[in-house]
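Questions regarding the structure given below will be posed in turn.
Every chain is named by a letter (A, B, C and D) in the order it is written, and numbering of its residues begins at 1.
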């Protein structure tokens, strides 16, 4: 990824993220979050993770954001105006964040892993087609031979080959979530909830 | 199945039965009486032997090796006899009291028997804790004071004894880790002792560990300066609990020092700083508490404080560490237990009848209650150490055994013995003053009591007779101990 | 040149931003958004590591599967979470963290 | 029959109950509850007969060693008890639920139980994450289940926010561990950590984050702040489930992760060990000391649950020693096995009082010995065991922890643990004394159903029997050495 584009996307992600944290109006915050996640999705794509990038947009910027906005509108939550700022949590929040960033920067600068770039660790698509063993479905190997990264197919293969069980657990989890939503927000038969 | 297991189980089962609705008095008296007979029979069987007898070990865990192991030698049997005697008397003298009095007495007695007759450090500790809990509860529930005050007293005792138990636990854990040897952790006292003989600790370390155990066990025995819970607790506790705790349960700390600390750390008490600290503490017990006792103006205060004070003599034996002194210590443990139980029992009766124990309000009871007076006199004279009663033998052996090794210069130990002798004088002063003040002199109108019925005299007669018999024939007990230390 | 370190720092900053928001903000819904940001930041780190940890010359797709799971879990969490928040709002008419103070020792 | 079938069966039973309730709404809650209990009990009976072989494709992420089987049984037992507790608490619980329904309170614990059973077998971080989240999300719903009670909702929101926060931290930690070691599999992580070429700062950072994330789940300091509020607000059966089931599941994952982090020659071993010791000591103290000032028994039990987490962390910090045949994971398993009956008994007592229209404050316990001597006795046994009184199950667990600490010479941590235990004696016995000494208001005698008496009596008996005869758990204590150490 060209440096300039990376910095631009990072700026979008972090800048809108910052606005979420500082914004006073929940609607603005939600929209900023969507923008931030779009930037993040672009970063994913820059990391050759097209599938993840797409579902990041679909799930977050699409579904989750709509849910947030819907709730904000439904509950008619106003901006927190007129309330005085509570300094202690703000200061501690900033402090924790700064410490964490310093820590992460220190870790990143001291490990060799962080120096990898897409130049020194390039994807070897056509060579990979011969090596991927069980994942060697014709459609995947063909894609690889053609030099494109069939990452949705590869993720799908990993999910259903290695993580079939986990997928079902996640399904159960979504079901539990659904039950939870019904139990918690259904109106009572007897009238007002 | 060892007879000792039956002895331990009987009171606990009786407590359970009473809890489930069995007739309280019959069950308790029956169980304790059978227990007394069993202990006496075992003592007769043991006579002439040495080492552990009646052993039985049931594995509980393999590694760390934990067994429900019972076994007794002379010292344990003497203390078991003390326990059964006092338990019988304590249960017997209960009148018109809720069942919980019986249950608590049986639990305290059963716990004490368990502590004296098991040979596994884990169970020794655990049984003692089992006996402590009903003590606290009974003080808090049925103590003889205003609810707020008795709760405070119970709390104080709980905190002191709880903290002491924790220090003790730390000490015991250290002992177990230090002396387990080999690859297996064991709680078995015999195995620990063997290992201690094979690979004794360096002397300085023995001193440190001994001191830790001394503080742990000592606070259970009201060793100065960890004593301040004892006097209010005994003064407040219901009669059977006061009898059992001061007479029996308190001896657990001393027993522990004798069974665990002394054999495992033979030089521990002789390390100079430990010995000096111990001597100072026991002088605190004897002299400071002696003075406090002299200034008490209620009978229960006098008895409670004197009980704290007398512990000093026994610690003196530990400081000296000679065989004679330690045998004397066991003797005195027995004698003190019987005499203080007798005195607390009588004191409880007086409080019930008179409603007060203030010396200033009492006097001349002898003319109305002659039998009571005679029984009380037995307790008083035993407590002073009159020849012919068993306390005398114990005290004499301790003093004699501690003064050995005198070669012209007086060591700290010898000075302590000399100072401790003054304690005998002090106890004569306060006990005789109490006796004269209550039973002789002018009759105070309004405070009038009569002798208890004969059946209610019996438990006290039994205790007094024990004092007399073992006082005239101390060899009955001494012959059971070839040596005081295993 | 953009290294893995660059991605990690961006992910770390986003994570820290989210954490700061969780600590500092009082509006529960915004706190919840910040939590989503933290999860996404973690996903960025995972995807970054997976891209540069090549297996057979391809990104490591076990890590990306985990990202897939996290996104799904996050969606379920949002749904349940918002349901609880709505229920709370119905009883209290407020989404201020400080209104959640009935439970105290 | 494979264990896997059993786990799937439990989850399916949960779904089936939901379906039945949906299509036949007039089914009585007793039938539902008893069916759920019967299923769980059946699974519990079948568990020992299940083979520990598994199809090859599961080997990579699923293991069936003694520890896993033990924790699976543990999850089933606690679920069974929680279902029972729910039935007992139903009369007052239904006042706060949607239309007085309770069906989900029977099916969700089953699904949670399946999640815990999967956690017990997890061999890689993906499985850990997925099953852990299943458990966590179920708990979000369960905690807030009494939705007409503001307390329950507040507890739900608090648990939600902090649970989501811990999930975030956990995932971030997983990311860094994966980044540093290149794998999600515990065994492979252990091998990579033993390799000096692995980047130490990155591995340490990831491991610390992962431990923080798990620390939330097991209520370790300094991430314990949510516990008292959530425990107090949640419906009592859910609190019991959280404090026993969720904690045990968290600890089995911690055990597995630490087997990797503290494996022989690990480059981050000493740091993680120090971290555990500090966190364990802090947790024990921060649980015990504030507990002394609580007025609500439910909060007191919450703080006590925190301090127990502290002892467990300290146990984890002591790895095997030559003197001890007990591995630290064995001690943890043993401790949890003793922790289960005493905690559940405590909460059962609370639930029964609540069902009789009483509160949960210490002052509500006044004169309990007069109103219901049996219940007072049971609560006394439970509290005495929680305090660690000898001859009760609680003492042995603590003893092993203390011995382990002393054996390794961790004197600082040992003294913290002892101070916490001493404080524990204070607050448990304070409550016991209130039951026996303080005269209560003249509320009528409590009534307890016969079945509850049997269950509670059995729990008390287990506490007492395990206190003097822990041998049945010996097999757990001598649990197989961690797979990595064996290599």
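Keep in mind that, in the parts below, contacts are C-beta pairs under 8 Å (C-beta built on N, C-alpha and C of every residue); 3 or more make two chains touch, one makes a residue touch a chain.
On a predicted model such as this, the values are computed, not experimentally measured, just so you know.
**Q** Just grab the chain with the largest centre-to-centre distance to chain D, centres being mean Cα coordinates.
**A** Of all the other chains, the one whose centre lies farthest from chain D is B.
**Q** Using the touch rule stated at the top, which two chains are linked by the largest number of C-beta contacts?
**A** A-C
**Q** Quick one: report the Å distance separating chain B from chain C, using the average Cα coordinate of each chain.
**A** It comes to 65 Å between the two C-alpha centres.
**Q** Using mean CA coordinates as chain centres, what's the gap between chain C and chain D in Å?
**A** The answer is 26 Å.
**Q** Quick one: chain A and chain B, Cα centre-to-centre, how many Å?
**A** Each chain's C-alpha centroid was found; their separation is 72 Å.
**Q** Averaging only over C-alpha atoms, locate the centres of chain A and chain C and give their separation in whole Å.
**A** 8
**Q** Two or more other chains touching the same residue: where does that happen in chain B?
**A** none
**Q** Mark out which residues of chain A touch at least two other chains, giving numbers and ranges.
**A** Only 104, 113, 162-163, 166, 170, 173, 176-177, 180, 184 qualify.
**Q** Find every residue in chain C that makes contact with two or more other chains and list them.
**A** Those would be 8, 15, 18-19, 22, 32, 43, 48-50, 62, 65, 69, 73, 76-77, 80, 84-85, 87.
**Q** Can you name every pair of chains that touch?
**A** Inter-chain contacts occur between A-C, A-D, B-D, C-D.
**Q** Can you list the residues on chain C that touch chain A in the complex?
**A** 1-10, 12-27, 29-30, 32-34, 36-37, 40, 43-44, 47-52, 54, 56-59, 61-62, 64-65, 67-69, 71-80, 82-87, 89-90, 95-96
**Q** In their shared complex, at which residues does chain B touch chain D?
**A** 59-64, 66, 68, 122, 125-127, 129-130, 133, 136-137, 140-141, 147, 151, 154, 158-159, 162-163, 166, 169-170, 173-174, 176-177, 180, 183-185
**Q** Where on chain C is chain D touching in the complex?
**A** 8, 11, 15, 18-19, 22, 28, 31-32, 35, 38-39, 41-43, 45-46, 48-50, 53, 60, 62-63, 65-66, 69-70, 73, 76-77, 80-81, 84-85, 87-88, 91-92, 100, 102-105
**Q** Quick check: in the complex, which residue numbers of chain A touch chain D?
**A** Of all residues in chain A, those touching chain D are 103-104, 106-107, 110-113, 162-163, 165-166, 169-170, 172-173, 175-177, 179-180, 183-184, 186, 188-190.
**Q** Looking at the complex, which residues from chain D come into contact with chain A?
**A** Touching chain A from chain D are residues 11, 15, 18, 58, 60-62, 98-99, 101, 104, 107-108, 111, 114-115, 118, 126-127, 130-131, 133-134, 137-138, 140-141, 144-145, 147, 176, 179-180, 199, 201-202, 205.
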